[in-house]
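Chain IDs A, B, C and D follow the sequence of writing; residue 1 opens each chain.
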């Protein structure tokens, strides 16, 4: 009993949950990158993003975690799947890997990782002297509409343009081929 | 779990995997997926700094939100381009897309 | 110098004599090539002026005390001073006369022999070129000038051998002659350079003075003498460079008479005589030359035993006689060598010119054929030829007898008797093969076509009788003159010796009378040679097969010229073409060119790789970008 | 003399430049007019260059006909032309080869205007290098002369012309890529802030180390153009591909540009470097002589044969330069001249034969002496000159070079001399196969060289024979420059 009790202590539970989330991220990322079938990749991406949402929870922002799920998993991944579905043979053509290319990519990736790790471990991370503890979504909303008003507007505009652009590009391509 | 380094390494790992994916994939959609991974790595970074270092914990979240917005826009554009390229070349193999070269 | 040359008759004569043929050559080549008659006239006129000049010079300076020299600047470079000029002494005067006489006679003879040839004008141009080069060489005061004209003489020889250039064998023979003599000339040139560098001067007079020993070590003298002798070996067809001369008979017969028997090939011997005192300073070299002369003489004699080609016989005999001259000179008897050169020029030119008549008449070179067709019907040539052959064999009282005796005397004076025995053997062989030919023509086995004989006998060839007769006599006159020379020249032995050796002194003393037994032995051997020839070819019912021809391997060996040519051919094919040329060419194609092309290809390939990165392959671009980023960051952090 | 100050050298240059401009102004259809204009201007250049050669004052010596104008003060660049014993023969050679080259191409029909325009541009550069005494101008003229080779070969050439043109251009540009650093190195290290050759060649301007370093750069750079072994492979290929007149100018003049550059820039400015590297130069030159002769033996294309004989003969020039003696220098400069004329003659006769028979493969020809006696005669004479037959110009040059080489480097000298046999063998072989023997029926109807086309060849023959008979006419001029130069060596 003791051991079980000790297992279900909150911080232990949190640890286990964290490990699960990390495992989810890594597994998802690997699936997103390695298999040659695109559908697997997308599914891996979804898994990975779910894990990232979990990480966000651990980082103290359930709101962003929710947004992550909504936007990434709910919108982007679904649109990718739609794209795959719409252009029918996409998932059928499985281009073969070229070993040298994979090797090169692995090398570069490792190099980048080493670089990043080096930077991370070499840097003295100093927390800010004065830290506010206001995590509420209300403040976030206020900030968005006051201090980051312009950025918010620009992002919206970018989204609008992107949507228009997407329609025009795919429409134009259809016209030019038909 | 309560250390900044854990999150930073996790982010770095995700970013490197994304880079690896971008380089290694031969299909455009695969590359897009890998890019999403990289973006998420960046997001985790922001959120981690937000949690451990930043004076105002709202700012990091806002950045993450923006990243998501940009990612959505990017995905929309990229997918439409992919569809267009596919229509034109009957393939999404990036190595076939060399007509783009100058 | 230029202002006074009109006043000095000697200089005027020398210049006219030596340079007029060049003018004739230039005029013919540039202007009168389309007009054969005119060209021939110009050339003959030029050479007759030369003849007159030479004869007048000879008579004028019969009692010459000191060599006369005229020089003018030809070329100055730094400390090197190369004059152009004339040196008249006994030797050069004699040689000049020989060249002029033979050239003149041959050119007159050629008027008939070459008549109607499409290259008539060209022929005379080359003849003039030869006359110019040979005469200027003869009277050169300095070895560099000598070398220059020596080479020009070689050029004239090349052009004249290859005169019938449509024939592959002719052009091949010309090439062979040029390259082979070139080979000797390179040695000659190197020898001259050695002398020039260590002695500092190439004037013939200085070279022959005693100074040489003071300034050059004996080893150096020997080395340079041997090298210079390379030139002699090339030009005079001495062993091992002797095989070009028989091939050179591809040229027109008068050319063979002029160049390849009487004058040009004798140039080597002349050069030997020219710097004889220099050569004689090295006993080692002289012994070597003696050996070379002996080998040459015997080899060539054996070759002559088996050939059936009339010109080849005389060609081999020329080589053998040249070897004889070299032997004489190398044995130390200066006069004997020169004297034999002189007499040989006369009777050998005569032999060739006679053969030319036969060849012209019967259009075959095989003397058995000529005999069958009735060669003996041509009275003048057959008489002259017999006379000359007798002279060649050294039968008294013809010129060859005297000069050969002189050489034998010289050889007898040596300590080692082997040279003398070799010489005597040579004399025997000479007599044998000469008379083998004579008897084969005089007493053919059976005379086949009588009408041929009649035609020939009366000097009527095919078609226009009068014209032909004219040609016959144009060709006959030089023969008669030369025959006279052959008959009487021997009796000028003493005056010539006084003229030539009056000042050289020392080395002499081997006249004819010193070894009385030798005279009888030599004549006896020659007569026995003739007798053997008579037994085998002359007498009625003779088998007409020589004793050598009965032994098949020996015959083949002789006929194949002791395989010297095969050796050269193999050497050329395998070493020069096969190894060097091939190897170098491959090296050029593969290594050097391939290397450069490889670099080019690598550059292009590298450019392609780089352009690949710029070709829209996003992934590679990014890869490089990130790799560089990572490396730079790592570099800065550590 | 009222003309004493007339800028003759600039006049030569101008005759090329003006000729070029005039040709550019003539409409391309008027081919005859273009040819006549080219002939007139090249004639002017030739006459002027010969006039200079004759009027050069040999007793006074030194630089004459000097023109010196400051061009860029801050860099010390002068428009500085002068004539001495070294460049006068070269100028005359260029004049003669240009004139005869123009005449040789009289029957050209394709793109006449461009051809002569490029030719004049090329020759202007060549004249410029020969007469200029300023490093900057030497380099500029040098590149001016290199550039037109590419179009000249690539447009009017034959046999793998693009390959040949590209190869040649790349090689030569590689050469100039070595020369430029060499020149700049000298310019920077002199501390005099001038490109003036006369100022830079004073003793003591450069340290021995600087001289050694700059010399090897300049020697290799110019040496590539001079066909120094083992950088020679562009030359046969380029010669083969080029049209007749270009081969003439190229083998006749342009290769001399390299050798002259070695002399004028490398040797003049870095005499100590010269003495230091002379051993190497002698080795390379000997290799070139022997090698060229042997490779020539195996060729079946007439132009390749000439190309390799050029390699061999330019090796003689290099050997002469490597001896560091008066005789060697004299011989080298004389050989440049003699070889230029000789090769021009060889190429022009081969060019004629090729024009008529459309082949230059030796096995396909044969018996040409019967069909084209004159063309064959020209070729044979030039070939004989190449073998080193006396009383033709190159004999004397070779004689001098060999004498000095044998004196300085006995073994290498002897080797080079022995290569003469091989040289004779391969030239005579070509002559025999091409001109002697049975004639080829298929070419029987072809005409011999007509009088008009014979003129340029006759000029060349006359030059060869004249300088063969009277070598001192040439040597006396060269002497004036070489003796003081060698005596002034440290």
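Note that in this section a contact is a pair of C-beta atoms (placed from the backbone, for glycine too) under 8 Å apart; a residue touches a chain by one contact, two chains touch by 3 or more.
Small disclaimer: the values here were computed from a predicted structure and weren't measured.
S.K.: Looking at B-C and A-B, which pair shares more C-beta contacts?
M.R.: By the number of C-beta pairs in contact, the winner is A-B.
S.K.: Any idea how many Å lie between the Cα centroids of subunit B and subunit C?
M.R.: Centre-to-centre distance between subunit B and subunit C: 95 Å.
S.K.: Roughly how many whole angstrom separate the Cα centroids of subunit A and subunit D?
M.R.: So the centroids are 73 Å from each other.
S.K.: Averaging only over C-alpha atoms, locate the centres of subunit A and subunit B and give their separation in whole Å.
M.R.: Going by mean C-alpha positions, subunit A sits 7 Å from subunit B.
S.K.: Taking each chain's centre as the mean position of its Cα atoms, how many Å separate subunit B from subunit D?
M.R.: Using C-alpha averages as centres, the distance is 66 Å.
S.K.: Can you pull out the residues of subunit C that are in contact with at least two other chains?
M.R.: In subunit C, 619, 623, 626 touch at least two other chains.
S.K.: Among the residues of subunit A, which are close enough to touch at least two other chains?
M.R.: Residues 101, 104-105, 108, 112 of subunit A touch two or more partner chains.
S.K.: Multi-chain contacts only, two chains or more: what residues does subunit B have there?
M.R.: Expected reply: 19, 22-25.
S.K.: Pairwise, which chains touch?
M.R.: All touching pairs, sorted by chain label, are A-B, A-C, B-C, C-D.
S.K.: For the complex, give me every residue of subunit A touching subunit B.
M.R.: Touching subunit B: residues 14-15, 18, 22, 25-26, 29-30, 32-33, 38, 41-42, 44-45, 48-49, 52, 55-56, 58-61, 63-64, 67-68, 71-72, 75-76, 79-80, 83-84, 86-87, 90, 93, 95-98, 101-102, 104-106, 108-110, 112-113, 116-117, 120-121, 125-135, 139-140, 143-144, 148, 151, 155-156, 158-159, 161-163, 165-167, 169-170, 172-174, 176-177 of subunit A.
S.K.: Write out the stretch or stretches of subunit B touching subunit C in their complex.
M.R.: Residue positions touching the partner: 19, 22-25, 31, 94-95, 97-102.
S.K.: Which residues of subunit C touch subunit A in the complex?
M.R.: Result: residues 619, 623, 626-627, 629-631, 633-634, 637-638 of subunit C touch subunit A.
S.K.: How about subunit D: which of its residues touch subunit C in the complex?
M.R.: Those in contact with subunit C are residues 167, 170-171, 230, 232-233, 291, 294-295, 297-299, 325-327, 330-331, 367, 369-370, 384, 388-391, 395-396, 399-400, 402-403, 406-407, 413-414, 417-418, 420-422, 424-425, 428-429, 432, 435-439, 471-472, 475-476, 479, 482-483, 486.
S.K.: Using the touch definition up top, name the residues of subunit C that touch subunit B in the complex.
M.R.: 614-619, 622-623, 626
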